[in-house]
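You will see two complexes here that share chain A, one where it goes with chain B and one where it goes with chain C.
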Partner chain A sequence: MKIDRRKFLKLTGATGIGLGLSATDIFTKGTVEASSGHSRVSTAATRLAMVINIGKLKTDDDYQRIIDACHSIHNVPTIDNPKHEVKWIWTDTYKHSFPEQINEYHPEAFMKKRFPLLCNHCDHPPCVRVCPTKATFKRPDGIIQQDMHRCIGCRFCMAACPYGSRSFNWIDPRPHIKEKNTEYPPRTMGVVEKCTFCNERLERGEEPACVESSNGALVFGNLNDPESEVRKILNTHFTLRRKPSLGTMPSVFYVIGGEDYAG
Partner chain B sequence: MYNGGKIITGLIIFVALATFPFYANFGKTVELPSELEAEPDEMHLGNIPLVNMRSEHMKLLDQWRDEVVRGGKRFIEYDGDEYEKSLQNGCLGCHEKQEFCTKCHTYAGVKPYCWSCHFAEGEEGLL
Partner chain C sequence: MLDKALTGSKKYWTLVIILLGISGVGVFTYLHQLKTGLGITGMSRDVSWGFYISQFTFLVGGAASAVMLVIPYYLHHYKKFSKIVILGEFLAVASVTMCMLFIFVDMGQPMRIANVFLYPTPNSILFWDATVLSGYLVLNIVIGWATLHAEKKGTSPASWVKPLIYLSIPWAISIHTVTAFLYAGLPGRHFWLTAIMAARFLASAFSGGPALLIILALIVRKYTKFDPGKEPIQAVGKIVAYAMSVNVFFILLEVFTAFYSNIPGHMHSFEYLFVGIEGHSKLVPLMWTSVILAAVSLFLLIPPGFRKNESILVFACITVFISLWIDKGFGLVIGGFIPNHFGTVTEYWPTIPETLITLGIWSIGFLVLTILYQVTVSVREELGTAKSEY
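Now for the complex of A and B:
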C-alpha cells in the first residue's frame, strides 16, 4: 500500500488526537497509581483505628503494663541484644516519635512524655506494596495482617516501614519467651513479625490486649463509623499522627491537649 | 585393563555401600502403629464430622490456615455451637501430639514444619 504525503499527515494527526484524549483519563480520575495518596481516604465500612490518650499514661508502670499485656499474650521474646530485639509495642521520646513536628511550643509536659509506639496499620501501607510473596496484606477491616506461613524473611517490609514497627527473628525466639501462652503460636527463626491489632482477640469479641490493660488511655474502634468512640474523641481533641507527610495514613492517633499531663 | 584390581575393588566397595540400606534392613519388620491397622478414622472438630483423617487431614489444615489467616474466618458454627479452626487450640487442645501426630508421621517418614511454631502444652521439640 502506498501512502501519499497528505494521507500520512491526516493519520498522524488522528493518532495524536486519540492519544491526547486517552491521556485526559488521568485528569478526570484525579489520581494515578503513583500518587502519594494524600487525597485518598478509605471508604470501606470498617477501618479499625486506635486513639492514644497520652495524658492518661502517668507512671512507668502504666506503660509497662500495656507492653507486658501484649508481649505475654503473643509470645514475643525478650532478647537483650538490641540487634536481635523483637517488639510489637514499645515507647520512645516525642522527638523520635514525631520527627516532622517543627513546632517547638507544643505543651511542654506533652513533649516530655514517652509515647507508646506500635504498627500504625496504615491506610496506604508501604510494607504491603513491597512484600514479594503477599505475606503481608491489608484486611477489609483495615488491619495489616501478616501470614507467617508465606513470609520468606526478605525484610523488604522492614525497609519499607517508616515507623520501625517490624522485627526480624534473627534467632530462634522460643528460648527467650518469658511466659508461654500455649494458645498463641510463637514465630520461627527467619520471619518478620509485628503488632496485629490483636485480630485473634477481635474475632472472639475481645478488645486488643493493650487497650484492655490501659485503663482507658488507649481507645479502639471503627474510624469510618461517625458514632464510634474513636471518632468522638477525634472530633473533640487535636491529635497527631506519626510522619503524616509520607502519605501512609496511619490509623494510630495521639491526643494532644485537653488532658492533664502531670506525672 | 589398566589398574583392573583397583577398579574392581573400588566397584565392590561402592556397590556394598550403595546397597547398605537394603541388606541392613532385610527381613526386619517395622511395627505398624495400631492406629494405622484399623480402618481410617473420620476427622472431627467437636461434633462436626470432617474428612477422612488419614488421607485428607493435611489438605483440611491447609484450607483452615488460609481461611483463618487470610480470610479472617476463624470459627465454624455447627448445631448452635462455635468451634475454632485451629491445629494448636482445636486438635492439640484435646489430643496429645506424641500419640496423635508424631507416631504416624515417624512411620510415614514425614516431617511437617507445623511444629516450628504451633506448639502444644509442655512440648518443645520440632518433630
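Now for the complex of A and C:
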C-alpha cells in the first residue's frame, strides 16, 4: 500500500496508458453495453469503495461527528465565506446531491434528509484526465490522489469534476485551521485538495476516519472482492450513485430506503 | 529593426507611456494577488474560472486575424493583402501574449507553471493548449519579423519562411480547436458539452479577430503615414460579415438543441444568462447587450451597401467586437459554471483588483502591438511604401 515518489511517477504514467485503453474499449465492446457503462468497470484486484447507509444516519450529531473526524485530522480549514470554503466531506439534500434523479412526489421527510458528500474516487475520473501535470492521479487501488507539491492551481480539475468535490485554497488556509494536527501536512495557498479516502490511515491498517466515526453507517472495502462487506451490502440493498449518466463510475454508493429514513 | 521602436512621434510616446502606466498598475495589483491569493478575485468554489480564463478564451480569437489574411494572401495570391498581412501577424503575437499572461495570472501556484512541460501529460487538453499557443506565438514572431526584414532589405523572405507560413495555417485552426476542447470535453457541464464548440470558436475568432484588425488598421491610417488601402479593408470586412453570420447561426443551433429537446441541464445556463434563475440575473443585461449588438452588426455587415461605407464598417466592427467580447469573454465561461453541480446558483462578478490585473494585461498586449506596429510603419515610411496602391 505504501506509495513512494518513484511509484507515484510510474503510476501516473500508467494512468495515461489506462486512459488510452479505456477509449479503445468503447469501440471494441458492444455499443449498448458500453453506453450503459457495464463494460467499463475496473478489473483490478483492489478497487476501494464506500457504501453510505443513509438510514443509519439519524441525528445532526451523526453527520457532524463524521465531518469533524475527517476535517480535524486533515487540517481542513474552517472558512466562513462559502465562496472560499474548503471541504473534504459535507452534507446536502437529496435534491442537490442527485439532481438528475428526483421527482416531485418524494416524501417530504426524505427530501429533508442530508446526504454525506465527498470525492467519489471515480473509476473513470475526469479530474485525472484533465490535470496538466499529473498532480492528481489514480492509484491501482482506485484512490484518486493529489500531489500538493506538483499542483499548479489551474483548477481544470474543478471544472471537470461533476460532483463539486474539489476545493481550491483561494486564501491561505493555515490561519483558519481550528486545531492543527502536526501528523498531517497542511496545504499551501493556491492548490486544489479533496478527500483521499484517508490513504495515510489505510497504510497503517486503519479505516477512513469518517467510516470509523460513523457507527456503521459508512462501510469501506474492496469492491472487486465478492466477499467484502461493501459487496454484501450492495448485493442486498438498493443503492444509488451520483450522476451515473456521466460514465464516471463513482466508488461511493448510497443505500436508499430499506430503513426508516425519516429520522 | 527593433531600434525603430525607440524613435517615434510624440503621440507614439504618449501612448507608450499611458500603456506602461496601466500595465504597471496591473503588475502591482498582481503582486498583491500573488501574496494574498486568488481570493481577491470574484471567483469561488462554484465559479472556479472567471475573468482571466474568459479573457484568454476570447483573445485566442484575436490571433485568428493572422490566418484570415494569410490564407487569401499566400494560398490564393490575393496581392491586395500584401500591406496588411503583417498587421494580422503582429496582432496575433499581441493576442497570444495576452492569452499566456491571462493563463499565468490565473494559476494558484504560478512558480510551478513549468510543471506543465516538466511532466508532459498528453491526456490533458491544457498541456496541448500551452503547446499550441506557444508554438503559434513563435511562428508569428518569426514569420512577421522575417518578412518585414526582407521588405526592408528589398528582397523576398528567406526560403525557410514559406513552409513556416503554410504551417501557421493549420496551427491557427489548432489553437481555436484545442481551446474549445478545454471546455467541450467536460462531463456534466452541459453548456460546454457540445460538438460544435470548436466550430463556434473558429467562427467567433474569424469574425472578432478581423473586426479588431479593421479597427486597428484604420487607427494606424489616421495617426501615421501608413495606409492599408481601401480594398483590403473591404475584403476583410467581407470576411467579418460571413464569419459573424456563421457565428450567430451556430449560437442559434445551440439554443434550438437546448430548448427543443427540453432537457433541463441544457437549458439552465441559457436561462441563467438571458433571464436569470431565481432572481440571480447579474449577467442578463450584458448578454442582451451582446445579442442586440450582434443583430445590429449583422444588419450593417450583410448588405454590401452599408459595408462599403467605411464609417459604417468600422462601427459594425466595433459592435462585433463588443458583442463577441461579452459572449465569449464573459458569458461562455461564466455561464458554464452556473448553475453549479448541485443545481444552485453562485454568481460571479469580477472584483476591482481582478479588473485592474485584467486591464494591465490588455495594456501589455497593446504595448506589444504598438511597438510592433511602430516598427512596421517606420520601416515602410523609410522605404516610401507606407501607402497601399489598392
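Note that in this section the second predicted complex is superposed on the first by the 214 of 263 C-alpha atoms of A that agree within 3 Å, B and C clash if a C-alpha of one lies under 4 Å from a C-alpha of the other, contacts with A are read in each partner's own complex, and residues count from 1 in each chain.
Just so we're on the same page, contacts are C-beta pairs under 8 Å (C-beta built on N, C-alpha and C of every residue); 3 or more make two chains touch, one makes a residue touch a chain.
Here the structure is a predicted model, which is why all the values come from computation and not from measurement.
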- Task: Record, for the superposition on chain A, whether partners chain B and chain C clash or fit.
- Result: fit
- Could you say whether A:R139 touches chain B, chain C, both of them, or neither, answering first, second, both or neither? first
- Message: Contact-wise, after the overlay, does A:P107 reach chain B, chain C, both or neither (first, second, both, neither)?
- Response: neither
- Message: Which partner chains sit in contact with A:P126 here, chain B, chain C, both or neither? Use first/second/both/neither.
- Response: second
- Message: Let me test your reading of the model: by the given contact rule, A:L246 touches which partner, first (chain B), second (chain C), both or neither?
- Response: second
- Query: In this superposed model, does chain C or chain B come into contact with more residues of chain A?
  - Reply: C
- Task: Could you look at A:E200 and tell me whether it touches chain B, chain C, both or neither (first, second, both, neither)?
- Result: first
- Item | Overlay on chain A, chain C to chain B nearest C-alpha distance, Å | 12
- Shared contact residues on chain A for chain B and chain C? 188
- Message: Quick check: in the complex, which residue numbers of chain C touch chain A?
- Response: 36-39, 43-46, 48-49, 103, 106-110, 112-113, 115-116, 118-119, 121-127, 130, 182-183, 185-189, 265, 336-337, 340-344, 346
- Per the touch rule, the chain B residues reaching chain A in their complex are 65, 69-70, 72, 74-75, 88-89, 113, 116-121, 124
- Which of the residues in chain A end up touching chain C in this complex? 12, 16, 19-20, 82-85, 92, 95-97, 99-100, 126, 129-135, 150-156, 158-164, 167-172, 188-192, 243, 246-248
- Flag every residue of chain A that touches chain B in the complex, lowest number first. 137, 139-141, 145, 147-149, 174, 180, 182-183, 185-188, 199-200, 203-204
